[in-house]
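In the two complexes below, chain A is the common chain; its partner is chain B in one and chain C in the other.
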Partner chain A sequence: MWLTRPLQERSTQIFLGVLFSAVVLVTFLHLFMPQDSALHVSAFTVTLLGKYLCYALLAVAVDLVWGYLGILSLGHGAFFALGGYAMGMYLMRQIGDRGVYGDPILPDFMVFLNWQELPWFWHGFDMAWFAFIMVLLAPGLLALVFGFLAFRSRVTGVYLSIITQALTFALMLAFFRNEMGFGGNNGLTDFKDILGFNLRTDATRLGLFIATGIALAIGYVICRGIVTSKLGRVSVACRDAEARTRFLGYRVERVQLFVFVVSAMLAGVAGALYVPQVGIINPSEFSPLFSIEIVVWVALGGRATLYGAVIGAILVNYAKTVFTGIMPDAWLFALGGLFVLVTVFLPKGIAGLLQKRRKAREDDDTPTAQEATV
Partner chain B sequence: MSICRSLTLLLIALFSLLSLPATAQEDDPGKALLINLAEAPASKVEEAVNAIVSSGDERARGWLEAYGNNRLSRVKDTGQVVLVLNNRGRDWEIADPLTGENMGEMSRRELARVAINNRIRGQLEGILAMLDLNAKDPDVREASAQDMMGKVDASLVEPLEAQLAKEEDAAVRNRIEEALAIYRVGEGNLEAVDVLAGSLHPRARAALNEAVRGDNEALAQRAARALESIEQKLQLNRAAETLYFGLSLGSVLVLAAIGLAITFGVMGVINMAHGELIMLGAYTTWGMQQLFPGQPGLALILSIPAGFIVAATAGIIIERSVIQYLKGRPLETLLATFGISLILQQLVRTVISPQNRTVVTPDWMSGSLVINDALSLTLNRLYVLAFALIVFAGLMLIMRKTRLGLEVRAVTQNRAMARSMGIRATRVDIMTFALGSGVAGLAGVALSQLTNVGPNLGQNYIIDSFMVVVFGGVGNLWGTLIAGLSLGTINQLLEPWAGAVLAKIIVLVFIILFIQKRPKGLFPQKGRAAEG
Partner chain C sequence: MSLFQELTDREHVFEFLTQVQSPVDVRHGPILYLEDVNVSFDGFKAINNLNLTIDDGELRCIIGPNGAGKTTMMDIITGKTRPDTGSVWFGSRHNLLTMNEPDIASLGIGRKFQKPTVFEALTVFENLELAMATDKRVFPTLTAVMKAEYRDRIDEVLEMIGLEALRDRLAGILSHGQKQWLEIGMLLMQKPRLLLVDEPVAGMTEQEMERTAELLTSLAGKQSVVVVEHDMGFVRSIARKVTVLHQGSVLAEGSMDQVSNDPEVIKVYLGEEA
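The block that comes next holds the complex of A and B.
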C-alpha cells in the first residue's frame, strides 16, 4: 500500500513522533499546568501554534509541487483561501439568527447589502458534510481546470509561476467585490460555533489545534506516500527532465495534474482549519505577497524534503510574530533579506544543512568514501 | 444735453488714455461714469449702463457685477461711489471702485445703495456677457459666447448679430451663431435647426430635444433628424475618447513593461523588483521637485536623466550583489528579487514616509486639449503617450544600431559563442540590466504625473508588466509595444459595461487563456533563439 509504506520510513517516523509529542506536550501544558505557572500554555498560544500548523500543512502542499514536480506555484494562497472561504461559509450559516441583524438565513453582510435571498452558491453550506466536501472540491476543481489548461499546453517554469500569480491576483480582485457574495472587503467573520461547539471556548480551540496536528500528520503521510511511490519518481523525473520523461512514454501532464490537484486540496484543508482558529477570512489571503511568502518558508526549510517545509513555515511565522510585535517596520526587511540570503547562500535550506552535517559525520566514519558533494 | 455729455465723456476718455489707468485721479473717466449711473433717474439707468459698457473700461465688468449684486453704494456726504465688500452688520467694508483700494469700514447709515430695477438686473447678465464678447483675448470671447448658449433672449439678438458682423475669429463666430440658433429654434425657426445639427454642445441638444417635444411638427421632425446626426457624432467622439484612454493606459503599461522586456526577455532574468525600480524613478521626480521648489517643469525634465541614473544604479547593484550568483536558476532569481522588492519598499517607507507624496504637474502639462464640445484630451496623458513612444524608439535604436545592442543580441542567442568571439558577456549582462532598470526609472518619472507616488506604486504594476511581456512574446520589443497598447485598449473597452475591477479580471483571465493557446505569446521567437 502506498500510504502505509512511508510509515515504515525512519524519517517519517521521526517526523510523526516529533509532531505527536509536540501536540501532546502542548495539550498537557495547557490543561494540567496551573494558570500562573511559567510552563502554562495559554489558549492564545495554543491557537497561535494551531495557526503555525496550518501554515505548515500549506507549506507541505507547496513543497509537493515545487520540490517534487518542479512547479513553482505563486498562487497556492488561492487554494488555501478557497478552502478557508468554504469553511467560512459554513461557519457563517451556523451563526443563524444570532447575527447583528438577526436574519435566520442571510448572513449579516447580505442583509446590509439589501439582498433578499441567499445566492445559489451559498446553498448547502448549512450542512457540515457538504461544506467539508467543498473544502476539498473548490480548490481541487480550480486546480483541475487551471492545471488542465496549463499543463496541456506545456506552460512550465517561470511562465507558469507568473500565471499562477496572476490567477491569485485576479481572484483577489474578484473577492474584493461586494457583488461576488463573499462579504467583499471585510470577508467573513464574527463566527459563533463549529459543529455545535462554541468557538470562543478554550476547549474548542484546543480541539482545533489537535485536529490541525492530525491533519498535518495525515497530509504529510499522503505526500510522503506520493513521493515514494512510482508516481513520485515519475514526477521527480518530470521535474529534472520533462522532455526526456515525455519521450520515455510517460504522460507528463497527467502526473503534473494529479499532483497539482492533490496539493491544492491539501492547501484547501489547511485554509479550512485556519479560518475557525483566526476567526476571519478575507480577500487578503489571495494576495500575491502571501503566496510568495509560502514559497520562502519552503525555501528556508529546504525544498523537496517535506519536513523542511514544516520547519520553515513554523520558523518564519514564529519570527514574524516576534518581529511584528517588537518592531513592525523591520519585518519586511527581515523577510526580504530572508528571500535573498536563502536563495543565494542556502539553496538547500535548513534541511540541506542538516543533511550536510549528517553526511560529514558519515564521511568521518568512513573516510574512504570520498564522494564529491556540492 | 446727451450729445454734450457724450462729448465730455469722449474727452475724458481721451485724457484717460494719457494718464495711468491704475491711479485714481480726479479726471478718471470711470468716476464720471459711476456718478452718472448713481445719479441717473430710473428712465436713464439703461443709458448709463450702456455708457459704461461702451466705454471699454477694463473695470466695467467689476462695477456692473457689483451693481447687479446691490454692492454699489454712494457715500451720502461726499457723493462718492464705492464698492461694498462686506455688507454684514452695522459697519460695511468698502473699497474704491476706481483703484480697488480698501477704504476701511463705514456705517451703513452713511451709505445709499445705487438703485437698480428688475428689468435692468435681468439684462445685466447678457450685458456682462456682451462685455466679455468685446474682450481682446479670443479665448475669453469664445468662453463668453459659450456661456450665452441657451441664455439668449430677444433683447440680446440684435447686439449679438452686430457682434457677429464684426467678429473675425471663426471659433467665436461659430459659438455666437450657435447661441443665436438656440434662441431661434425656440422661436420655431427651421434653418436654425440645421445650424445646431453641427453642434455637440449639450445646450444645443437640450434645445433640439425641446423642439422635438414641441407642437410645431415640421420643426420637431427636423430637430429629430438633427439629433440623430448629433448622436452619431457623439458616439464617434466617445469611441475616440475610449481609444485615447485605452492608448494612454496602454502607454503606461508599455513604459512599465518595456524595461522588463529587456531584463526578462533578452537576459532571461526575472526581476520581481522591477516595480520598485519604477517606484524609485517616481520618487526621484519627487526629490527633484524638492530640490527645485517652484519650478516643477524644470525639475521634471531634469528627472528624466536623474530617474534613469538612479534606477540604473540600483539595477547594477542588484545585478552585482544577487542576480549574477543565480545565473541559470530562474525560479531562485524570482524569489531573491522579490525579497529585494520587499526591502526597497520598506526602505522607502522608513526613510521617506509610508504616505503618498504629491508630485506637482507643471503648467504646460496640466489642462487638456479641447478637440470639440464632446472630446477633450488631457495633456498629461498625451505627453506620457508621446514619452512612451520616444522611449520605445530609443530602445529600438539602441538594440538595433549600437554596438551594445549587437553584443546583447549576440550574448542572448549564444552566450558561449559570443564569448569566444571576444565579447565580455559579464559586462554585457551588467549593461543590459542597467538599461532595463533605467527604463523602469523613466517609467516611474512618467507615472509620477499620472498616479500617486507611494511605496506601493511598483507593486501595482509588476503583475501587469509581466502579463504584457508574456502576452507580447518574450524577447520581442515590438510584441511588448503591441501587447501593452492592445491590453490597455481592451481594458478600457470593457470598463464601461463591466466596471474597472471586473474589466481587469477579464483581461487577466483572457491572458491566462491566451497563454494556453499560444504559450510563447503573440510574437514568439523563432529559430535557435527560441530554445534558450
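The block that comes next holds the complex of A and C.
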C-alpha cells in the first residue's frame, strides 16, 4: 500500500519519532512541571509551538508541489487562508448569542453592517462535520479549478508562479471587501469555543497543539507516501522533463492536478488548525508576501526532502519570533539576508547540509569495510 | 440480463470504465502513412508535400541535410506539432492528427529524442520502470506495486542495453552513449509497434555505434523502426531502405546504393559541401 510504505522507511520513522517525542515532551513539561520551574512550558509557548507546527504542515504541502513536481506556487497562502476561513466560520457560529450584540444567529460584524439574515454560504457552518469537510473542500475545489485551467493550457514555470501570486492577491482584495460577507478588513475573531471546549483554557490549547502534531504526522506520511510511490517518480519526471514524460504516455496535466489538489487540501488543514490557536483570521493571510515567505522556509530547509520543509518552517518562524521581539524593524532584513546566504552557501538548504555530512560519514566507513573484506 | 441485474452485479465492468484500445490495423501493409503533409513556421515551409509510407516490421533510415524537416516530421507523427494540411495514419484505423501525445504514445509509437533525455534524478531502473507499458492513469500509478514479472521485464531490457551493472545508479551520471542506450531501453519498455529514433549515435564512439547498430537491427521485424541519422557510415551499416529528405519533401527513396548514386542526392549533399 502506498500509504503504509513510508512507515517502513527509516527517514520517516526518524521524523515521526522526533515529532512524537517533541510533542510528548512539551505536553509533559507543560502539565507536570511547577509553574515557577525554569523547565515549565507555559500555555503561551504551547500555542506558539502549535502555530509553528501549522506552518510546518503548510511548508510540507508547498514542498510537495515545488520540490517534487517543480511547480513553484507563490499562492499557497490562499489555500491556507481558505481552510482558515472555513474553520473561522464554524467558530463564529459557535459564539451564538455570546457576541457583543447578542444576536443568536448573526455574527457581530453582520449585525454591525445591519444585515438582516445570514448569507447563504454561512449556512451549515454551525455543524462541525460540515465545516471540517469545507476545510478540505474549499481549498481543494479552488486548486482543482485553477489547476485544471492552468495545467491544461500547459502553463508552467515562472508564468504559473506569477498566476498563483495573482490568485492570492485577487482573493485578498476580495476578502477585504465587507460585502463579501467574511468580515472584511477585520476578519473573523472573538472565538469562544471549539467542539464544546473553551478556547481560552490551557487544556484546549494543549489539545490543539497535540492535534496539530498529529495532523503534521499524517500530512507528512501522505506526502511521503505519494513521493515514494510510482506516481512520485512520475512527478519527478514531470519536474525534470515534462515533454519526455508525455511521450511515455503519462497525462502530465492530471498528475500535476492531483498532486496540486492534495497539497492545497493539506494547506487548508494547516490553516484550519492555525485559526483557533491564534484566535483570528483576516485577509492578511492572503497577502502575497506571506506566500513568498513560505517558499523561503522551504528553500532554507531544503527542497524535495519534506523534512527539510519542517525544519525550515520551524527555524525561520522561531527566528521571526525572537527577532520581532528584539528588533522589529530588522526582521525583514534578517530574513532577506538569510535567504541570500542560504542560496549562495547552502543551495540544498539545511537538509542538504545534513545529507552531505551523512554521506561524508558513509564515505569514511566504506574504505574500512573494503579493507575488512581484503 | 435485465438492466437491474446488470447494475447490481458486483463483478460487472462497465464499458465506459475499460479503456477503449482498438488494435492497430496493419492488414494493408503500412503501419505509418503520411500523405501530402504541409507545415510552415512563420511562412517558412518546414514540411512541403511530404509523402511517406513505412511498412510493418520495416527498418527505415531517413537522412537529409540540416533543416530538411526530419525532426519536424517526428514531431508531427508524435502529436507535438499539428500540420497545416495533410493526413497521418497509424495503420489504417488510427488518425494521428486527432490524438494527443499520451494517446499516441500508448497506441504504440515510441520516440527517442535527438538530445538524450532521461530522467537524471531517477535511477536507471526507475527510468525503465516509468517507461513500462502499464496503466498510466493517476490512481493506478499511485497504487502501483512492483511485480516480479515487471522486474523480470526490466532486467531483460537492462541486459539488452548492457546497463545491468548500473541499474541502481542515477541516470544523471551516465555517459552520453549510455544515456542514448537507456533511452532506447525506455522505448523498448513501452513495447511500441513503431520506434522513432532521432540520431541514436550522435556523440558515440566507434564501438558504441556498432553495438547500437546491432541493437536496432535486432529490433526490426518485431517492431517497425524509423531512424533519423546524419552519420552515413552508420546508416550504411543498418539500412535496407533509405529515404532522403530535402527542404521538407522526399528527394529519393531506395537502397543505400541506389540513393547514393542518385544525381539529385549527390547534388544536395556534395554540391553544398564542395
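The rule is short, and it goes like this: the second predicted complex is superposed on the first by the 366 of 374 C-alpha atoms of A that agree within 3 Å, B and C clash if a C-alpha of one lies under 4 Å from a C-alpha of the other, contacts with A are read in each partner's own complex, and residues count from 1 in each chain.
Note that in this section contacts are C-beta pairs under 8 Å (C-beta built on N, C-alpha and C of every residue); 3 or more make two chains touch, one makes a residue touch a chain.
For clarity, every value in this text was computed on a predicted model and none was experimentally measured.
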Overlay on chain A: chain C relative to chain B, clash or fit: fit
Partner chain(s) touched by A:Trp2 [first = chain B, second = chain C, both, neither]: second
Which superposed partner A:Leu248 touches (first chain B, second chain C, both, neither): second
Contacts of A:Ala299 with chain B and chain C, given as first, second, both or neither: first
Which partner reaches more residues of chain A (counting touched residues only), chain B or chain C: B
Touching partner for A:Leu72 - first (chain B), second (chain C), both, neither: first
First, second, both or neither for A:Leu231, with chain B first and chain C second: second
Touching partner for A:Asp240 - first (chain B), second (chain C), both, neither: second
Partner chain in contact with A:Phe339 - chain B first, chain C second, else both or neither: first
Which superposed partner A:Val155 touches (first chain B, second chain C, both, neither): first
Smallest separation in angstrom, by C-alpha atoms, between chain B and chain C in the superposition: 7
Chain B and chain C contact sites that coincide on chain A, given as residue numbers: none
Complex contact set, residues of chain B against chain A: 270, 322, 325-326, 329-336, 338-343, 345-347, 349-350, 463, 466-467, 470, 501-502, 504-505, 508-509, 511-513, 515-517, 519
Contact set on chain A toward chain B in their complex: 72, 146, 149-150, 152-155, 157-159, 161-163, 165-167, 169-170, 173-174, 176-177, 288, 292, 295-296, 299, 329, 332-333, 335-340, 342-344, 347
Complex interface listing, chain A residues touching chain C: 1-2, 226, 229-231, 233-234, 236-237, 239-241, 243-252, 254-255, 258
For the chain C and chain A complex, residues of the former touching the latter: 78, 80, 101-102, 105-106, 110-111, 113, 117-122, 126, 129-131, 133, 136-138, 141-144, 186, 190
